[in-house]
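Both complexes below contain chain A, partnered by chain B and then by chain C.
Presenting the complex of A and B:
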């Protein structure tokens, strides 16, 4: 016990000495590292911690070290609000990254906007950046963009009548509404619109109805968790020949495993470059960033990268780039630099912010992927 | 009536899943009047342990046996560590204890296993069988067969064996049961072990269809509980019929009316049945002892 106390004291003194010797840039993070959204927050926290280590080892930003303060809000909006306030008032951070879920983002967003601290969110909802708030940015693409990407691909294949089967969970319901909203812009008509509960074990009745609807040329399944895997199996079971489109919500190797390679054959979905890191062509703008991040993360943590960790990677890269260009640690100047970001290549896409656009991605950020022989391949 | 056969097959598949979960409630309820809300966690454990032991290299049947044995052990531990020390507490307190236990088991499996969804191969392959223009997966037949088997076993247990009758006697009047020489502690332990084992068996059978993750227990327990209430709590026949009925209601509503209303219609039917028959379809009449 005594030796432990001594070591702890020594460490404290050492840390104190370092921070006294060098000026530091303080960046705050509040993510859901545990709790129901841990599958989002866990890789996000790990990614940022890894990147800060790398950055400091390479000399920091403009010669200044970065100090990271990470809180685990467990996807609880109340905790997120408390932590955001603590980050601003006690820890005196110059920027915040975090908000794994839309709920926690909404809490942090208010604090950041009020206190004038630039904040990059890692959550999906379009409401975060529409309407635009001065200090709030985000890295993940919206489900509306996923719908547009899917319908673009359908249009290219001459598909105009679609049967939809959506999960009633938050993700599925939101994407269902967005897809119905934009379908008309692509000359696509939703001729069947079915739903299932997130815990349902069999969707053959809904799929039979879609199968029996006249003129259905393709199926679209916005959903998350086990639902899409079961839908894919059921489509195969019923022998439905029309192409099946899944959402970016299941863009992971785990999905192919759950649905089974045979049933998943030919399924298309919009995903990020991270999923097909090895397949990226020489000369692809994202190739270097994506492969670098994937290799570093997998070597350090011994688990495969996820799209969600990629969101955190991009948020951190954007923030570091903005702080470097601002040349100061004044939050207002960092914000201005952030808004002026142009052509920053991330794992999710290439970001160009403007006063009207705090997401900065276009449809090219999504790659249309197809499952062939139990693996991914790029369509195009 | 296009698609009717498909809707019925879907209803039977889902209904058999509900029935298997509902059957698990029966023994503990019969022994102690406690509705065990960690029953869904037993189902989850059955699936998760099978997945992880199977991926560790055990053959599937052996993995399933290990899962059922370990889960039965968890059931015994639950009784010894949480229910037995609270003996004499009102039934409501015991039910609350089981809710607490379900949260504990869920949290522990999130740490011990992981937060991902899993699946292991179906017992007889994934090639659907064609029957009368509709399709059914071989695994569905396993689930339906499993539900029937457990039902018959339970029915024999409660009506033909002395131990089964001792379980019923313990629920009826613990003191009187002790006076005629029934070891009520043993009966309680046995009933938790059996319920957990049935839950785990359900988990093993349904995982290739429903997939398994640390948090699937809540949803399964809720539907299983609804099925058990519909059929009559404590009666194996009720659990079987209630489960199948609930599954068929959902599938037919989704097929003919709209998938938006399938849960609503199922629950309206349950409410209507309970309004007319408060004990459920096959529940025992509650008579007050004087």
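Presenting the complex of A and C:
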């Protein structure tokens, strides 16, 4: 037993030493590859690993190879902070990508900002980039933008009274607050506001209350995970005729499977171009990037791409582009180059950063999608 | 059980805390060290509850949550200094432990485990769902303690990692000192007596209910202070700190090191804090290895790592 442990430890150290010896440009990643947020972190880690392989095979950045260091924080903010410290202090990376959830991002963010290491977050909350912190950027749209996109679509359909049912998980609760905040700007009134727990198996009572509320013209369901699928099924079972809007949190094929094609028919949600890769028109700016990523990922891993992997794809592309333009591996110079990013086309949208805007996306990055015949179609 | 002299144990601990940094290749190790000390602090509290008094709690993360969120909330809402907030949090934890402890500690074995578990889950749910107050699952920021700046003005420049290593190390030493004093005090002896046999303890005139309650309250204070230190150190806190898994982690650390031994408990905390860091290469198998370690220890070293090994070394075996 003892000799086994010693051998194992020695091997570990040896592996570490060998990979360290080849290091040129080191990029650190801390995502939730396992645990409750694995559906975010797993495709994120896989995506970045694939992209690094590709990049190194093609000669790296300015002729230098990239070494990737990936840690699994299991969506635990405490672990994320430890790994961020480790990446900066011990692994001496020049940039960090990660933070699958808002909680882990907030932890990593402090370390990155304090140590002056550029960090691109993969989490949604608006608090990450507002107020702007010098070294902190992010790729996913904010939930506020999702609300705005949904309300824009409602406005176009002449909907002004909405019944909302939200999950009490971080995502759902944050989006619920943001939607209530911006609804007024689009002449939309929230006439019913119900919630459900992330583990609940039946939302019929809440939906019945919404159904019985006078004048509800549409339903909106901020949330992710299984909840929205159950809401969709319950809406169908209760025979509620009003259109149902879901959030970008469930923009994946898995959602249609979980809710069932019949119940999901006609559901609208804001999503990225990635979901409708095949449907993108010739001449669409994102077509090449989106289809390229989708094909490569699905060929390598044999599973369908997700929006979340797309966030990681964009973060990595942004970082590589910035390092190439900075022409150095000095974190401060990479940060400056990152902030000067203009018109970089990703899977989520086209990024243009500025000193005031560390997200760099606008509403056009979202596409309003509708589920028809068990698949996605774009709403024009 | 042989508790070597109090000062030997404290000397060993202090020596380790002071000497180890010499071997630290980077600032990251200070962070890991500080985490070990924080975990060890709550585990020392559990040694008092589990090892001394023989009661179990699967909800102690709830008290860590109270301590952590006291540090986050009180400075924001009442303008208290974070250092005061640590004390208020500890007081609050003690009060709550005192209130729920009386009825809960009438239960024994599985029933006690489930009742404490219920408390932990309740705390975690409150912290998660009271979004307006606690920021919900996204968590909230924690004000800086400010002591590092004071030290800097006095000419002692410490990095964040070094400061928290020293701070948590200091609090741990104090915690261990208190626990060792308790062990040899009449109260400690009474607790250990009721651990051995409640009936016998009652027969010799020990107020069993009040001793159990004391152990519960004291261990709650330990967990609360540990939670506060974690929150202050991270500058950010989410309800995860009060989560069920955190409670289990604490008990696992206690049992691994040896429930009756304070240094053993610290060893347990160190191993289980380090393991995930060493195993990052095998991140997917981390839980598997942790489980295997636990099973092996329970089978071959049922009294926990340190006491069992110490006994073997003395040639007495189990």
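Keep this in mind: the second predicted complex is superposed on the first by the 357 of 380 C-alpha atoms of A that agree within 3 Å, B and C clash if a C-alpha of one lies under 4 Å from a C-alpha of the other, contacts with A are read in each partner's own complex, and residues count from 1 in each chain.
By definition in this document, contacts are C-beta pairs under 8 Å (C-beta built on N, C-alpha and C of every residue); 3 or more make two chains touch, one makes a residue touch a chain.
From a predicted model like this one, the values you see are computed outputs, not experimental measurements.
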{"item": "Chain B versus chain C as contact partner of A:366, first or second or both or neither", "value": "neither"}
{"item": "Which of chain B and chain C A:186 touches, first, second, both or neither", "value": "neither"}
{"item": "Chain B versus chain C as contact partner of A:205, first or second or both or neither", "value": "first"}
{"item": "First, second, both or neither for A:226, with chain B first and chain C second", "value": "first"}
{"item": "Partner chain in contact with A:308 - chain B first, chain C second, else both or neither", "value": "neither"}
{"item": "First, second, both or neither for A:245, with chain B first and chain C second", "value": "neither"}
{"item": "For the chain C and chain A complex, residues of the former touching the latter", "value": "25-29, 31-32, 35, 128-129, 131, 136-139, 141, 160-161, 230, 234-238, 240-241, 276-278, 280-281, 283-284"}
{"item": "Interface residues, chain A side, partner chain B - complex", "value": "38-39, 194-202, 204-206, 208-209, 212, 225-226, 229-230, 233, 236-239, 254, 257-258, 260, 262-263"}
{"item": "Residue ranges of chain A touching chain C (in the complex, touch as defined)", "value": "9, 12, 15, 33-34, 71-72, 76-79, 81-83, 85-86, 88-90, 102-103, 106-107, 110, 114, 125, 127, 168-170, 173-174"}
{"item": "Chain A contact footprint on chain B (complex, rising order)", "value": "2-3, 6-7, 9-11, 13-14, 17, 115-119, 126, 128, 135, 137, 206, 209-211, 213, 216, 219-220, 223, 251-252, 254-255, 259-260, 263"}
